[in-house]
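Chain naming follows the written order as A, B, C, D and E, and within any one chain the residues start at number 1.
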Amino acid sequence: MGAVALLSAVLMLVLREPMRVALALITTMVMLGGIYGLLGVHFIAAFQVLIYVGAVMVFMVYVIMLLEVREAPGNRRYSRWLVPGVTAFATLVGVLGISVYRSSADVLTAPGAPPFSLTQFSTAFLSQYWLEFELTSVFLVAAIVAALAVIKVSRRVHGSAPGSANG
Amino acid sequence: MDKVHLLLLLSGALFSLGLLGVIVRRNALVMLMCMELMLNGVNLSLVTFSQQRGDAAGAVLVFLVFVVATVEIALAIPIVLLLVRFKRSMDIDRYSDLKG
Amino acid sequence: MSEFTMGPMLLNLVLWLPIVGAGLVLLAARANDSRARTISVAVMTVQFALALLLYLQFDATAPGLQFATQLPWIAQWGVSYLIGLDGVNILLVLLTAFLGPIVVLGAWTSIKKDVPLFHVVVLLLQFAMMGAYLAQDLFLFYLFWEAMLIPMFLIIGMWGGARRVYATLKFVLYTAFGSILMLAAVIYLVQSLQQSSGVMSFAFADLYQSQLPLSVQSILLGAFALSFAIKVPMVPLHTWLPDAHVEAPTAGSVILAGVLLKMGTYGFMKLGFPLFPDATRAFTPLLMTLAVISIVYGACLALVQNDIKKIIAYSSISHLGYVMLGLLTLELVGIQGAIIQMVSHGLVAAGLFLLVGMIYDRCHTRELAAYGGLARLLPVYSVFFMIFTLASVGLPTTSGFTGEFLALMGAFTAAWPAHLDGHHLPLVLAVVAVTGVVLGAMYMLRFALTFLFGAVKAPHHSPEQPLLDLSLREKSILGLLTIAVFALGLFPGGALQKTELAAKTYQSLVTTSRLPAPAGVTP
Amino acid sequence: MPHTLALIALLPLVGFLLNGFFATALGGHRANERVAAIVGCAFPIAAFALTIKAFLDLQAGGFTPIVEPLYRWALIGSSSFEIAFYFDRLSAIMTLVVTGVGSVIHIYSTGYMHHDKSFGRFFAYLNLFLFFMLLLVLGRSMLVLFVGWEGVGLASYLLIGFWFDDLTNAKAGRKAFITNRIGDAGFLLGMFLLYRAFGTLDMDTINGAFLTGSGAAMIVPASLVGLLLFVGATGKSAQIPLYVWLPDAMAGPTPVSALIHAATMVTAGVYLTARMSGIYMMAPEASQVIAVVGVLTAFFAATVALVQTDIKKVLAYSTVSQLGFMFLALGVGAYGVAIFHVVTHAFFKACLFLGAGSVIHALGGEQDIRKMGGLRTKIPLTFWTFAVATAAIAGIPGLAGFFSKDEILWYAFASAKGGAPWLWGMAALTALMTAFYMFRLLWLTFMGASRMSQEVEHHVHESPISMTGVLMLLALLSAGGGYIAIPHFLEAQIPLPPIVESLAHYEQTLLIVSIVLAFAGLGLAVFMFGGPASRPESIKQALLPVHRLLSGKYFIDELYDRVIVKPVAWFSEVVLLRGSDTLLLDGSLNGLASLAQRSAGLLSRAQTGSLHLYALLVMVGIVGALLWSWRHV
Amino acid sequence: MNAAMNTQDALMAMLPEHLLLGGMVVLIMMEIMGRGSRSALWVALGSVVAAAAAAFWLSNAQYAAAPFAGQFSVTPAVLMAKGALLALAVPVLLMSRTEFSDGEFSILLLSSLYGLCLLPSSDSFLVMFLGLELLAMPVYALVLLAFRRPQSAESAFKYLVLSGAATATFLMGVSLLYGATGSMSVSEFGPALASSDVMTRSAVVLVLLALFLKAAVVPFHAWAPDTYEGASIPVTAYMATLTKGAVLLAAVRLFSGANASGPIVDLLMVLPLVSIVWGNLAAIKQQSFRRMIAYSSIAHAGYLFYAFLGDAEGRLQAVLFYVVAYSVVNLLAFAVLPQNDDDDQRDSLDALKGLYHRNPFAAAMIAIAMLSLAGLPPFPGFAAKFLIFKNVVAAGYTTYAVLGLVGSYLGIYFYLRVIQLLFMTAGEATPSERQAGGLSRAAGVLCLVGTLMLAVLPGWVLDRM
C-alpha cells in the first residue's frame, strides 16, 4: 500500500493534466488512509478519507473543472529547476532516510504500543488537549472570516480585472 | 527493514516529493496539491510515532493538521482564482512580476 | 573651589543647551530664518560663556574629574550618564564652545536655504560633539561619537557643493566603518572586564583597570585605532577628508576641521592608548611612522592642490600628524604640545576655512588659479589671511608654534635616549617630522602667494563692482579667532597648567604595564 | 626702570601696531604720511635711546649681565620656559647696532619711500622687524631668540614682497622665507637636543654647562648641536648652501636691503654662533666646518659679485661674501672679531646700500650699472659717502673694514683653534676680489662717462637731506668704526683664541699683504674700468665660459630647482596625489563600493520572482542544513 | 489545584487572548449586522489596547500561571512580551484606516494577534503549531485584502505556498522530535539540541529551519521581498514587525533555557550572518520602499537569530528589546509615509525625493527610522543591536559578532540613501501625493514617543523586560 502511495505521489509530479494529478493525489491519500487503518488508528484513517478526500480534494477537483484553462500544448510541464530540484530531492530523501535509519531512538525498534481507541483519543482531546480544541475553533472562525474576505476581494476586483470575461 | 522504518521513509519521501512538486511543477493548482502531499507525508510519520508510542498527542496533531490543511486550501483556491483571472494562466512562472 | 558648587549643573547645562536651542529653533522659528539664526547664536554664546566660566573655575591641581555628574542610566549594562571635565577635555570643550557662535555667525549669510533646519542640525552636532568630549563612560562616548555623524552627514549633504552626496556618503561610510569595529572592541573590552573582575562598567576609570594579554590588547587597540585614525585622519585613511571639506559648506568645514577631527586624537588620548598601554607601546613605532607619514604626506599633497579648500584639508592631515606624534612620545612636553596643537589647529583651520568661505561667497570658485592680488583688493581680508597662514605655518607667537614646537620637542626628547640605546627609528621620524615645518611653509606660502599677491584677479570682480572687503560680522569672528590664536601663542602657560595633571595621568597610564598576572596564578 | 629691556623690544612693536592699524589700508589710511613717518621713526629712536641707557646701566654694573624676566611662557613638568631678556656685552653691541642703524635707516626711509602708496605699511613692517630683531638679540632663552629669529624672517618676507603687485617680488619673499625655514629646521633640532640635555633653553646656562663640562652636557655631542645650530645660521646668514635667497631678496625696497639684508638680520647667524660660543669652543669639528663653509661662501660669493651688473646684486653677493668672512672668524674661534666685523659691516654695508638706494632714487628706479656712469658730479654727496664705504669694505687702511677684516685674516691664519694658511689664502684672495668688484661698482656707477638715457639723465637729482644726512652719518661710521675695539671689549666675555706660537711673528707681514691686496684690487678695477670700455669686454670674451658660469651664479638656483623643487613637486603630484591618493586609496575604495554595488545587483537578479526557485532554495537549504548538522556525528 | 482555581487561572492567564477574542466576536457581530465599519477600528483598537494593558498589568503584578498543564503557561516576562507586541499592533491598526475601510482587516488582525499571543506561552508543539498557523493564516488574506494591484495575488500566493512549506517542515521536525522523545512538550527541544542522535538532530534542525523560513532568513528569505512589495503598507508593516517578532518569540520559547550547542550553533552563526550580508547588500539596489524594508527585515532576522548564540538567560530580553526597537521604528516609517492614490507611486523610493521640502515631519520621521534601523546611535536600534552582540560576545562567539557587525555596516549605505533622497535630492510631488492620514500620523507620533523612550530610557525599559 505504501508502494502504491509512493507511486501515485510520483505520478503526481509526472502527470500533465491537473485533473490526473488530483486523482493521483487522491490515490495517495486513500492509500495513506489504508496504512492508518492497518496501523490501527482507524479514526484517523476515517478522517483522512473524509476530510481530505471527501472535502479537500473534491473541492480541488471542482476548481480544476471550473478553471479548465488549457495550457498551451507547447508549455513545458516542469520549471527549469527540474534537475537541481530532483538532485536536492534525492539528497533530502536520503538524508531523512539516514536520519531515521541511523537513529538510536528506541521508538523505532520498540514493539508498537497497543493502539489506542477513538474513545481514548476523544477523551484525551477533550481533556488534556481541550485548549487545542478551543483554539481550533478560534482558528476556524478566523479562517472563515479570511475566506470571506478573500472572496470579497475577488468579487471586488471582478469588474476591473482584464480576465473577468472568463470568470 | 521493519515497518516503522519503512513508514517513516515513506513519510519522508512523500514530504520530499511534495516539496519537489512545488519546485518543478508550473501549475498553481498542482503546486497546492503538492503542498497537501507534504502535509500528508508529515501526517504519516506523526501517526506512525503516535501509534508506536501509544500516545494520543500525535494523533491530535494530525487532527489539527487536517484542519489547517483544509483551511489553507480553502484560502488558496480563491487566490488562485484571482491569479487566473488576471493572466488566464495557472503557470506560476508567469507570475513573477515581483522580483529584484 | 569648595564654594563653587554649581559646577555639575553648569556642565550639564553646557551639554544640553544646544538641545534646548534646537527645540527653540524648531518651535519658534519654523520659517523664520533670522530668528533661527538669532536663537542659535544666542544659545551658542551662552554655552561658551558657561564653558569659559567652568574653565576658569577648573582646579588645575585637583586630580580626576571635576564638575562631574553620574547617574545610572542602563543599570543592567553598567552604563551610566557620567560626564565631567578633566585636563584632557577641558580645552577641547572650551574650543568647541568657542567655535559654536563663530560657526553660526560664519554661516549667517552663506546658508540661504532651509535655514532653521540648518541651525537645528548645527545645534544637534554641537550637542553631540560636546557630549563626546564630556562623556566619561564608554557607552555614552560611543553614542555621542556616532551621533556626530548624522548631523554632519546632513550638513554636507544638504548645504554642500556639487558633489556633496558623494562626499557625504564617503565621509559617513568611511567613519562608520571604523566605528563598527570599535563597537566590537568596546563590547569585548567591557565583557572581558566583567569576566575578570566581575565589574560591569563602561566608566573610563574602571576600564583603565582592565588587564588584558598583549595579543588581545593589540587587536582591541587596532579596532579603536582604526576608528580614531579615520577620524583624525591619518594616512592612509584620509581620503574622505579632502572630499568632505571641499563639498561641505563653510560652517561644515569649520566644524569638521575645528572640532570633529580632534575627536580622533582625543579618542587616542583618552581611550585608545590608555586602555591598551602595552599594545600601544608595542605599536608605537608603527603608529609614529604613520603619524610622520601623515605630516609629510599631507604637506606634500597640500603643495600640489589647486583647490583652495583642499590645500587646507591636506594641511589638516599634516597638522594632526603632529598631534599624534606628540601623544606617542609619552613625554610630558610632547603630550602637552599635542593638546595645544589640537586646540591650535582647531582655531587656525577654522579661521582658514572661514576665510576661504568668505572669498567663496564673493567669487564662487575654489580654484586657486582664479585668484590673485587679493592683498590689493581686500586688505583687511588679506591681513587676516596672512595671520592664519602664518599661524598654520607655525610662526612663533601664534598658537601653531606652541603646539608644533612642544610636540616636536617631545618627539625629539623621547627619540634621543632611544637613539643612544640603538633604536634609531624615533630619531629618524623626529627629524623627518621637522621637515614638515619646511613643507608647511612651502604649501601655505604658495597658497598665499597666488592668492594675495601679483596682479589683481578675482572672479565676479570688476572695477565698477569691486569685491567688498570684510563686513563687521566677518571681521569680528576672525578677530575673535585671531585673539585666541595669539593668546595661545603668547601665553600658553595658563592652558598648559590646566592640562598638565591630565597629561601626566595619561603618561603614567600608558607607560604602566597592565598585562594580566602570568598564567598559573589565575585559572 | 624695571623693564628697560622689554621696553626696548616692545617700543617698535607699538610703532608697528599704531602704523599698522592707522596708516595702512587696514585702517583706511587714517593717518597720513607725515604721522606715519613720525610714529615709525620715533619708536626706534626711543628704543635706541633706551639702549644707550641700558648700556650705561650695564657699564655701571661692571658689565655683569642684566637678566630681566618678563613672564613665564610655559611650565611643563619641571622645565620652565621663561620669557626673559639678557643684556651683556654681546647683546649690548648688537642692540646698539640694531637700534642705531635701524633708526637711521628709518629716517632714510622717510625720504626714500616718500609718496609710496603703502608708506604706512612700510614703516609698520620695518618696526615689526625691529621688534623681532630686538627679541632675537635680547632674548635670554633660545626660545625668545627663536621667536625673534622666525619673526625677522617674517618681516623680511613681508618686506621683500613689499611691492607684491609684481609676483616676482612676492616670490623672492617666499623663497627667502622657505630657505630660512630649512635652516630653522636645523636650528629647531639643535634646540631640541639642548633641551633634552639641560631641560632648559636659557643660553647662559647652556654655555656655562658646556664650558664647565657638566654632566648634562655629556648627553649630547657638542659638535652635533653646533652643526645643527649652524644649519640655522646658514639659512639666516646666507651661507652655502642656503645663501640663494639673499640675492633675490634685493627685490625689496633698498632700505630694507640695507637694514635687514645687510646690517642686521643676516648677521643673526653670526650672533647666534657667537652667543653659543660655549658650545663651539667644545666642538672643534663643528668649528672647522663653519670656518670652511665661511671661507668658501666668501670666496664663491665674491666671484659671483665680480660680474654682476645690478647695483644691488653686487652688494648682495658682497654681503654674502662678507658674512662668509664673519663665519670664518667664528670658525677659528675669533668670536669677538666676527662681531667686530658685524658692526663695521653694518656701517659700511648700510652706507653702501643706502647709497645705492640714493642712486636708484636719483635715477628713478634704474639698477643696472651698465646704464649709469658719471654720477659723481650729479649726486656728489652720494658719491663721496659711497666711496668712503667702498674703501672701507675693500680694506683700505684706516677705515673700518680694514681693521675687522685684517683681524679675521690674521686669526684665519694663526688661530690655534682651527686657523690654517689655506683659509687665510682663500680669504685673502677674496679680499682682493672684494676690493676689485667694489671699486668696479664705484667706477661704473660714478666715474667715467654717462651711459644713461637722456630722459633719465635729465631727472637725476640729489636725494633729500633725510637720506643724504643718513649717508653721511654712516660714511662717518664706516670711516671711524674700526677704532671701536670691539674684540677687546668682548674679550672679557668671550676670549679670543690663542695664537699659534710659531706663527705669531707673521702678523706684520700679513698686515702688509692685506693692504697690498686692497690696493691691488683698487688698481685692477681702475685699470679695467677707468680705461676704454673695450677693455673689460675683451677680458670677458677671453674668459667667456668663466664669465657665463659666474654671471649665471654657478647655476645653483637652477640646480636646486632641478634637484629639489621639481622632484618634490613631481613626487607630490604624480606619486602621492595621482598614484597613492587617487589611484591606490580612492581607487580601492571606489572599487569596494562598486563591488558592493555589483554584488547587490547580483543578489537582486537572483530574486527572479520565480516561486520555483524560492522553493528550490528552501529545499537546498534544508538539505544543506541537515547534511551540515551531521558534521559532528 | 482545584477546578475553580484552574478556571480563574484560565481566565486570568489568557486574559489578553480573551480580550482579543472578545473584540473579534464583537467585530464579527457588527460585520454580520452590516454596520459600523467605521467603528470597527475603534472596537479593534479598544480590544488590542485592553489586551496589551491586561498583559502589562499581569506582568507587572508578577503573575505566573499554567492553566493548561503542559499546553499553555504564562510568566511575567512572557506577558510583558505579549503586551509589548500587542502595543505595537496599535499603530498598525491606526495606519490601516487609510487603506482599509472594512471591518475584516480588524478581525483578521485580531485573530493573527491571537495566534501571536499563543506563541510565547505555548508549552506544547500543538499549541505552538496552532499559534503559528493562526498567526500566518489571516495574513494571507490580509496581503490580498487591499488589492491595489494584480501583484497582490501573486504576493499572497507566494507567501502561502512557502509558508505552507514552512508549516510542513515544522511539522516534520516536530514529528521526528515526537518520535524521538515521545512527547509534544516544547521543553524537549532544549535538551534535544545537545543530543547526538541523528533523528533528534534532524528534528531540531527542521524545526529551526521552519522558523527561519517564517522569519525570512537566507536562504529561506525569498518570499519576503515579493510578499512585502505586493502587500499594502499596513500589512507589510505588520509582517515586517509583529509577525517576525512573534516567530522570534516562538523560537525563544523553543530554546527556553537551553544554550545553543551542537550543530545548531553553526546554523545560528552562518545563516544569520549570510542573511545580514545578503539582506543588506540586496537592499542597496531596490527601488521599492517596501521591498527595501523586506531586505532590511531579512538582515534584521539575521541579527535576531544571532541572539540565540548568546546565553539563554538574557535571550528573551535581548530578542524582545530588539523586536520592539526594530518594530517601533519600522512602524514609524510606514505610518508617516505619504499617501498616494497610486500604490506604485507610494511605494516607490523615488517618491521620497525631496520629501523634506514638502513634508518635513514625515521626512524627519523616516530619517529617524532609517537611522535606527541602521543601528546608529543614539537611536534605539543601536542599543538593541548592542545588547544582542554583547550577549554573543559574552558567549564567546567574538569572531561572529565582529562579522555580524561588519555585515551590519554594509546596511548603513542603503538606509542613508533613503535619507539622501529625502533631504538632499530635488524632487517633485506626484499630483496625487498627500500627507499621511490623521490616524496614521497619530500612529507615527505614538511610534515616535516609543522611539524616544527607547532611546532615552533603555535602562528603564530593559528593567521591565
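Definition applied: a residue touches a chain if its C-beta (ideal position, glycine included) is under 8 Å from a C-beta of that chain, and two chains touch if they have at least 3 such contacts.
What you see is a predicted model; the values in this text were computed from it and never measured.
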Chain of greatest Cα-centre distance to subunit E: D
Greatest separation from subunit B - chain, by CA centre: D
Length of the line joining the C-alpha centres of subunit A and subunit D, rounded to whole Å: 100
Between subunit C and subunit A, distance of the C-alpha-averaged centres to the nearest whole Å: 68
Between subunit B and subunit E, centroid-to-centroid distance (C-alpha), Å: 26
Intercentroid distance (Cα basis), subunit D paired with subunit B, Å: 96
Per-residue multi-chain contacts in subunit A, two or more chains: 79, 81, 85, 88-89, 92, 95-96, 99-100, 102, 107-108, 128-129, 132, 136, 139, 143, 146-147, 150, 153, 157, 161
Junction residues of subunit B - those touching two or more other chains: 8, 12, 15-16, 18-20, 22-24, 26, 31-32, 48-50, 52-53, 55, 57, 60, 64, 68, 71, 75, 79-80, 82, 86-87, 92-93, 95-100
Graph class of chain-chain contacts, one of line, ring, star, complete, other: other
Pairwise chain contacts under the document criterion: A-B, A-D, A-E, B-D, B-E, C-D, C-E, D-E
Residues of subunit D that touch subunit E when the two form their complex: 596-597, 599-601, 603-604, 607, 609, 611, 613-615, 617-618, 620-622, 625-626, 628-633
Subunit E contact footprint on subunit A (complex, rising order): 95-96, 98-100, 102-105, 107-108, 128-132, 135-136, 138-139, 141-143, 145-150, 152-153, 156-157, 161
Subunit A partner contacts - residues on subunit B that touch it in the complex: 2, 4-10, 12-21, 23-27, 29-30, 32-34, 36-37, 40, 43-44, 47-57, 59-60, 62-64, 66-71, 73-75, 77-82, 84-93
In the complex, subunit E residues that touch subunit C: 356-357, 360, 371, 376-378, 382-383, 386-387, 389-390, 393-394, 398, 401-402, 405-406, 408-409, 412-413, 416, 419-420, 423-425, 458-459, 462-463
Residue numbers on subunit D that touch subunit A, as the complex places them: 610, 612-613, 616, 619-620, 622-623, 626-627, 633
